[in-house]
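Next come two complexes built around subunit A: one with subunit B, the other with subunit C.
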Partner chain A sequence: MSLLIYGLIQSVTLALYAVGFSLVYGVSGIANFSHGAIYILSGYLIWAGLNLFNLPYALSFVIAIFLTSLLGFSLYWLLLYRVRGIPLAELVVTFASGVAILELMTWAGFSGIRYSLPPVVFGSLEFLGISLDYQRLMVLGTGIFLVVGLYLFVHHTKIGLAFRAMAQSERTALSIGIESDWVGSLSMALGSAVSAVSAVAILPLGIMEPTIGYEVLIYALAVAIVGGLESTPGMVAGGFVTGYGQLVTAKLFGPKWMIIVPLLIIILVLAIRPSGIFGKMKELEERV
Partner chain B sequence: MKKQIFCVLWVILLISWVGSVTTFAADEIVLGIPTSIYTPFGKENIKAVQLAVEEINSKGGVKVGDKAYKLKVQIADTRGGEPTTPVHDALMAYEKLITEHKPHAIVVGAFRSEVLIAAMDIVAKYKIPHLGTIAQTPKFQAQFQTDPQKYKYLFRVTTDAAIDAMYANAMLDKLKKDFNLNKAYFIYQDTLWAKAFAGLMSKHVKETGWEELGFDGYAAGATDFSPALQKIKEQKAQVIGMVWDVPLGAGIFTKQYASMKVPALLFAGLVPPIGAPQAPKTIGPAVEYSLNLEFPVGSSLPLKKLPKTVEFLENFKKKFGDLPEAPAVNSSAYDSVYILKEAIEKANSLNADDIVAALEKTDYKGVSGRIRFDKNHTAIFGLENPNETGVCVVFQWQKDEKGNLVRVPVFPEFLAEGKVILPPWMK
Partner chain C sequence: MEAKVRKKRLDRGIKARTDTIFLVASWRDMLYVLLPRALPVMILFLMPFFLGHYGKKVLFHACVYGLLGLSFDFLANCGLFSLGQSLFFGIGCYFVGLSDKVIHLPIYLSIPFSALSTGIVCAGLLSPVVRLRGVYFAMITLILPMLLMKLVEATGIMGGSHGMPGIKGFPHEEVGLYLGIFTFLFLVFFLRRLMGSDYGLVLKAIKEDDRSVMSSAINIYWYKSQAIFVAASIGGFAGAITTHHFQFLGMSSFALDYSILPLAATALGGQGTFAGAALGSMILVPLSELLRELGGLRMALYCGILVMCILLLPEGLFHFLSRRYHQFQVEARVE
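What follows is the complex of A and B.
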């Protein structure tokens, strides 16, 4: 039973790592390799709000969301705009931005034991003989909230519909007056905001280190590749495959092998079905 | 235009070259610190060295003949404490520091044991006295033994995993004797030193009538410990022996241990977020009752019975605003600078071989106890008397009369200021 419950939480955690990445890629085709850096930066922003400015948790959180959104938005207009449409250049730009953010944080000394977020919700409950803290339940809740929220957003709002149009065909979207750069920059802003929401659910479970940014990027890639880079259901499926894969591996072969599971999964999926479980992008080429 | 661009590039190149070649003043002794500078250990070891350097310089420096030399610190980040850094990258940083800054000696040294072992050849090649104070693998001695003449420049001024385990095992014996505990579960970070440390604890419990319920290694970058913690609950382990130094995993483990309400006594061979003075703020009230080994004494906990630990940590706090984060090896870094000073003055020379000969005769009473080196150039530590050897301490987080969480030294007896208290769920 504990395997099921903790596997579920681990899976949702992994899906949360990937949700922002998948959203940006799905809408604008930009593989945002600064995703992990933005995720951990939002954690430090919340920490700064709490500890340096003595702000309440909620306000620190809102400010962090605003600032990370602004960062994603600015990254698009300042850097990506110039190389838009050249996938390799986009990848280099986002990766370099992410490395710059993480290395700056390291250089500024944001590592060590003191950088830790308190739980948003204290306490725990006993469920079928398993102790489960509220913060982990919040991870589950956040996962559900984001998936449902994003579904409603892209199906029932004007901007969301523009996102979908862009995702389906950028040229057709342009022909009906949807400005692709504007939508691309909004997707970067929203993807960054989603990272911040994920961060506030997950980061209080441990302490913060800039290197978490690299780790989150690897997990996000693994989950997105498994499920299909641009697919939200795929991202959830990817999270479950990776999360339960890790726990089953721990059970069968020992915990030290858990860490290689995402990497193995990436290799396997790329070899067998490069589009991922729900991905469509390379489906035609695969058939050919 | 092309000519102008060429000139600008040439000037930039020249400036870069001049900047990279460090010259040191004739009256300076350069101490190189190649370590993982953003880990709590690296960060605090550097501060401890800076404190010692400042004290020595303010008292006139190091005397060689008629001349007094000031100490100067040069730091290089090996990034060895990050799980993703390859050993080779860390070695490059080591060698770069040596070739660019030409230090007279190296202090602190490698963070990760794997880097230390690999760096031994580099240090031997450049013949620089090396006083290591972080990496804990006993493989240092084994490597040293393969060619003592070649590796004579290397000294370990701190404990190693065998000493840490000696203390941990003695503490386990005490728990068994005092409280009749006999079921243990070990979790360790899958790195050289931690595996050696946990392995020695595992061997000890098997030999002394404990039941070992688990011995789980996790990769250094692990982020979920629920499989082991759930097994601990199910199998009703009484003591969790945990050895982990990478802050990220240690932090996650600690919070997960607390949130899963694992009803076992946590004995941290080393789990920095629990042992750190800042733990009640970082981790919360769940740190209460946890036992922590601090190696050696004076690394972060002032001990009433060893006034030098109080003095060092008070000065540290005065200079840097807070006690060291990491509950290990900081006092060794501080002592190493004084040991080096003493050796240079005894040798009356800055020649590496002369300094090494003097270091071999070290007999220094410092913060971490009495430091002498054995035939493997490793500081001698014991369980009995700080006037004879270096010593460590085990402390427990307990509530004081006001309800504040404080660290109470509980072992060994000659340092104890209180007794071990079992958590209410174990009584």
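What follows is the complex of A and C.
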């Protein structure tokens, strides 16, 4: 039973890693490899707000979200705008800027027990004989909130409609007056903001280290690839496959094998069924 | 009456019809054609005589990264964009560990053994994914070295995360250095020739338009596997000589450095010419040695250089220099 509950939380955590990545990829086709760096950077921004400027939690959280979305926005206009339409150049530029951010943080010595966020909510509850702290429940809540919120946003607002138009066909969207660069940069900003929101739910559970950025990128890739890189239900399913796969592996072989699961999943899915579980055949042609 | 002077292009009389067919009439003309090819060769071969112990180490590193850059450029030339040169490098290192510690091969057999086995293993390992294009192939090659690193850490094979000292070294330090320099230069010229041949034409065509190559009844997956074999053998060779040279084998051979630096070198030097990758690594590696005090910041610096090159210098340094050389003008008297 505890396996089920903790597997659920692990799965939602993984899905949260992937939300921002898959949103950006789905809308603008940019494989944002700086996703992990932006995620962990937002954690440090919250930490700085709390400890250096002595702001309340909520305020530093809002500031961190604002700054990370600004970062995503400016990444688009400063770097991606110039190489738009060359997928490999986009990938190298985002990956290199992500590695640059992470290595700068490592160089500045942002690691150790000092850099940890306090839990947003304290306390725990007993559920079927398992004690669960509220922070883990908050991960669950944030996951549901983000998935539902994004669904509503994409389906019921004007910008969301523009996002969907871009995702379906960039040229047609251009012809009806949707500026693709504007929508692309907005999607980068929103994706970064979403990763900041998931950072505030997940990061208080452990200590912060710049190397987490690489792990988050791997997990996000694994989950998004299993789910087919752009579909939201696919992403949730990918989170569950990876999360439970990891827990079962940890139970059977020991915790040090856990990181191998997402890597193996990425390779197997891309080799056997490149369009993912929920991907469409249209993508298959682009990939193979 | 004073003598009038006009500008004269040097290459006008030499290039008979095209950029590649030369008409050499004198020693001066020969020099014009040969100098850009012979000068780097001579400099590289003579350099070890003027360098101290530390300088030789830097030169060796430059050659190793140059080999990895060549391997990257070769794959990129046939449409396979690899973000994981460290995969080839690391597998090459671990094959040396196998041949040296388990099979006890002598060093002159262990290097070719490791290089060829790396080629075979990597071509086999990547054969299910040669179907993938662009970003997806890049993802796989980025993830595989990380996976292997974690596997080494988890299984503790070949010393696990502590590494394994005491690999047999070269009989003399210079032997390893000259082996690196010679292979590096040989491969620059060989790969340039190869891409000009019919075989290279097929590889280039796969990059440009793989569907049309398929419709010419050419099995592109077989060709891509061959290309991976060649590139992986080059990378494995680089790993093998590095392991023998430093007599140490460790998990760090799968590190991101070995993927990012060749990429940055190729982006700086210019893609598609091999000479560009060579030039880039000869500039970047000594530069990064100069900046050794910066420590972890170096990686961030490479990434900065990489981004700047892609954004501001998309054609690369080599294309720029070669164009300048061909447009070189001298002053000639008007009679």
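Some notes on this structure:
Quick note on the criterion: the second predicted complex is superposed on the first by the 280 of 288 C-alpha atoms of A that agree within 3 Å, B and C clash if a C-alpha of one lies under 4 Å from a C-alpha of the other, contacts with A are read in each partner's own complex, and residues count from 1 in each chain.
Going forward, a residue touches a chain if its C-beta (ideal position, glycine included) is under 8 Å from a C-beta of that chain, and two chains touch if they have at least 3 such contacts.
For clarity, every value in this text was computed on a predicted model and none was experimentally measured.
In the superposition on chain A, contact is made by A:Lys256 with both subunit B and subunit C. Of the two partner chains placed by the overlay, subunit B and subunit C both lie in contact with A:Thr106. Judged by the touch definition given at the top, the superposed model places A:Leu247 against subunit B, while subunit C stays out of reach. Legend: residue contacts after superposition of the two complexes on their common chain; A:Leu264 is shown touching subunit C, with no touch to subunit B.
By the document's definition of touching, of the two partners only subunit B reaches A:Gln135; subunit C does not.
Contact with subunit B, but none with subunit C, is seen for A:Ser116 once the two complexes are overlaid on the shared chain.
In the superposed model, A:Gly206 makes contact with subunit B only, not with subunit C.
Of the two partner chains placed by superposition, A:Ile176 touches none, neither subunit B nor subunit C.
Contacts of A:Tyr6 after superposition on the shared chain: subunit B is touched, whereas subunit C is not. Residue overlap on subunit A between its contacts with subunit B in one complex and with subunit C in the other: 106, 214, 256, 259-260. Those residues of subunit A that touch subunit B in the complex are listed here as 2-3, 6, 10, 106, 109, 111-114, 116, 118, 124, 130-131, 133, 135-136, 204-207, 209, 211-212, 214-215, 246-247, 250-251, 254-256, 258-260. The residues of subunit B lying in touch with subunit A in their complex are 38-40, 43, 82-84, 190, 216-219, 221-228, 230, 233-234, 247-248, 250-252, 255-256, 259-261, 272-273, 276, 278-279, 281-284, 325-326. On the side of subunit C, the complex with subunit A involves touching residues 81, 83, 128-129, 131-136, 138-140, 142-144, 146-147, 150-151, 153-154, 256, 260, 263, 267, 294-297, 299-300, 302-304, 306-307, 310-311.
By the touch criterion stated above, subunit A contacts subunit C in their complex at residues 31, 79, 82-83, 87-89, 91-93, 95-97, 99-100, 103-104, 106-107, 214, 218, 221, 225, 256-257, 259-260, 263-264, 266-267, 270-272, 274, 286-288.
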